[in-house]
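Presented sequentially are two complexes of chain A, the first with chain B as partner and the second with chain C.
Then we have the complex of A and B:
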């Protein structure tokens, strides 16, 4: 099907969402809670665009591009005054929530906001509640974290806000996907700590480079159906060994 | 269909292939990409390269929790969708041949994509140890030299890395 984004005619397949089509065509729409690895969620409301259609008798609407399914003949504008206003509103609020986040500061600046017009949160952390960590944790099959509480008290944590349960495999996927770097973790010689839980570290059998936690490797072996013995060495050591093996079988 | 053939006993471990690979897989000429093909001098007079076998039942693909490894029907290569990839690095641990890497400098998973059907490594292999063809060619005669394309700098296109 054919639609128009910012006066450009673009092709889309049924079932796609506006944001992916725009991105594929190099049209930029800011998005904070979107990642292609997980289902769209519509949480941050930053990807707002204005839409209309020849059949709509002049009606227009503001929708989240990440969640709006493509439709033949749709006319999308990503840079109107209204769009600018709602996005600025979202960023004003986010800046009150996370005044210390450079990502939010930079985005807000692009929309003309240097300082929030609201009262900044007291003792703010960097979490913008985009839910990416929760969704990626679920996606990898661990579901160790979730959102807790409601309204101004809402936060992302492990059950009872204590220490990660056995569900957490210590893979750091949540921390790595977080757009603002809100999830703290640390790694020392023998120990990785995330969500207040300590994990042992498994090292490559040859070179001793860190390859994960025992729980993580166990989990990924199980979910992929591969034997645990696949997850014992780093890529460089395996590569060298395999080369030697090739030589043995071919010469 | 053309395939990438490796004939280890022709390899001199000159590492031309590695350089060519690094060049075509970077978008910044000052930062070389991690080579997807590696050349090794195993012992005196035994050298080989090691690169992705594009396994049908690939361990990397199975280990990926977000289906970021996808087949390119045109080239037959298994490619990483870097937009989907969450950098969990499990594919790099799972591959039994160590042929999928994490490139710290570019923050990308580095895996052979057969250069979209025109592998640079084969073009720059002077000894035909690597060739992209329907079938492997006969051993070159002593003194017979394969003409190489212009020096690797010319390879830099800045197009392939996303």
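Then we have the complex of A and C:
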């Protein structure tokens, strides 16, 4: 089907969402809670766009691009006054929540906000509650973290806000996907600490680079059906070996 | 007893009606939540005792019924068939009622209701203004039946609509009838029920689900509670008819765990319906099967939102999701689902029984039928009222509600729950229907009506509702979660007299972001309490901001309590009552309030009998 985004005609398949179609066509729409590895969620409200349709008799609506299913003939505008107002409002609010986040500061600046017009949160952290960490943790099959409480009291944590349970494999997916770097972890020579739990570190047989924790490699082997021995080398060493094999076969 | 055909159901009804005619006088004791709290159980027990003493157990029946609505005057007792209405009945009165009213046919004056306007004593229920201005389509049965008795419901004509539909009406015709009736969702959305059913019937995917939303959470609202407690079979029958129309075999009632009596009576009703062959496999021998599961909520207000409710039913965190793909196509477990509120379902049997043409005659052009409201706040007759759509607010508050408490002046009425709005005196003549209330900046919501008098500060009211929503926002989306935090902060500032006039512009800008940007209806309508009070009571906001004054004398940072010397008799009552020990003065001497220590709790004002406390 065909639709128009910012006066450009683009092609989309049924079942796609506006944001992915826009991104594929190089049209930029800001989003904080979106990641291609997980299902769209619609929490940050930054990817708001204005839509209309020739059949809608002039009616327009603001929708989140990450969750709005494509529709033939849809006319999408990503930078109208209304869109700008809502995005600026959202960023202003997020800046009050996380005044220390450089990501939010930079985004806010793009919408003309240098300082929040609201009251900054007392004792702020960097978490914008985008839910990416929770969703990625669920996606990899661990579900070790979740949101706790609701509304302004809501936070992301492990059960009872203490130490990660055995469900956590220490894979760092949560920390790596976090757009604001809100999830703290540390690594020393043999130990990784995340969610207050210490994990041993496994290193690549070849180059000694960190490849993960025993729990993580165990979990990945189980989920992928690959043999545990597959997870003894780092990706680069494995790729190098494969390349060498490829050279022998070809030449 | 297992009924295997609609004819068997009809025969059972005739039999029950015949039995009842031979029967005797009935003492109906209201056992709705309000009357239970007033001690109606002891009243019923006392009646039982008194009948026994007089050897009348065989001749007189005691019926504990669902809520009659006039909660202010509970415990309520109505003597049928005469309809003699006794109010605030105590267990000690039972003996006298049996001896005088039952045995001698005499009315006991001290238990009658006195009309506060005309000062007349009224003997019969039908003469009481609280009742005679109502049109009790849905609630009417409550006072006549024991909600735990399926036979009572059947005697009053219950399940006949279902019986007729199952054998002689095609599902499409049922939907057409509901569409034609003009019934709109009573939970607040106001969407056409018939159209919703039609979309769900046409949607691809099996199975299809029927859901009853009984997660009533608005402060002061208890319509759905009273329906489930007082007439659960009407809701169950409505759901079965809906299931037949849509083609569903699985239903859920999502009910607040805080409603134990509703859960209990509903479960009793479901068990009885199954026993009678009205629920479960092969209903009334028609071949159609449908059953209902009760799911109890976990206490989150947001789970009254349809998608959050479905998430909760699935065992997930109760958070809403975007509805760009409607729940009639992709709802519970991603299957086509029809969710209606308790009151909506309870309307269905009546519509089928009496017909859409009859139903359409009640109400306004675009809002048909009746609406049940929970009338609360500073009004004389608090309780549940069922009125035809289009009735002016004034009639509800002043005629049915009996006016403002203590003869004070009306200031505003809050409609539509926490996300509704406050309407001023000038809006009192507006007809109550979905569209008019929305145009006026409020909404119908699920039917809360909170009346406020001149001692209410509108900034404080807005702050109260925003605080409620702040605690109940699920926190998924930024505009609602962070917006409510900031909105509350701004209102706090205003109530302390801080912030400039620019604060109001800031509030309006933020409200617009919340309205446009929030994910679900909770966030999108959350600004309503603020926007409606700003629209109608802007002066009051300005008084706080510019003159640092709270005209209603509520906002603690802006008020002072003092003693009016001419009025003070030195009775020491306020001095003794003051928890902060801020009042000094000997007996028979004028008292003094120390403003430094005073916490502005208002107790002195409440206890002073001489109007000697001044708040300014």
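In this section, the second predicted complex is superposed on the first by the 232 of 251 C-alpha atoms of A that agree within 3 Å, B and C clash if a C-alpha of one lies under 4 Å from a C-alpha of the other, contacts with A are read in each partner's own complex, and residues count from 1 in each chain.
By our rule, a residue touches a chain if its C-beta (ideal position, glycine included) is under 8 Å from a C-beta of that chain, and two chains touch if they have at least 3 such contacts.
Just so it is clear, the model here is predicted, and its values are computed rather than measured.
In the overlay built on the shared chain, the residue A:177 is in contact with chain B alone; chain C does not reach it. With both structures placed on the common chain, the touch criterion links A:165 to neither chain B nor chain C. In the superposition on chain A, contact of A:69 is made with chain C only, not with chain B. When the shared chain is aligned, no partner comes close enough to touch A:4: not chain B, not chain C.
No residue of chain A is contacted both by chain B in one complex and by chain C in the other.
Listing the residues of chain C that touch chain A in their complex gives 300, 302, 317, 321-322, 324-325, 470-479, 481-486, 489, 506, 509-510, 512-513, 516-519.
For chain A in complex with chain C, the residues that touch the partner chain are 41-46, 48, 62-64, 67-69, 82, 85-86, 89-90, 93-94, 96-97, 117-119, 121, 128-129, 131, 146-147, 149-154. Taken in their complex, chain B has these residues touching chain A: 6, 8-9, 38, 40, 42, 46-50, 59, 62-66, 68, 81, 83-88, 90, 92-102. Those residues of chain A that touch chain B in the shared complex are 35-38, 136, 139-141, 171, 173, 176-177, 211-212, 217, 220, 223-226, 230-231, 233-244, 246-247, 250-251.
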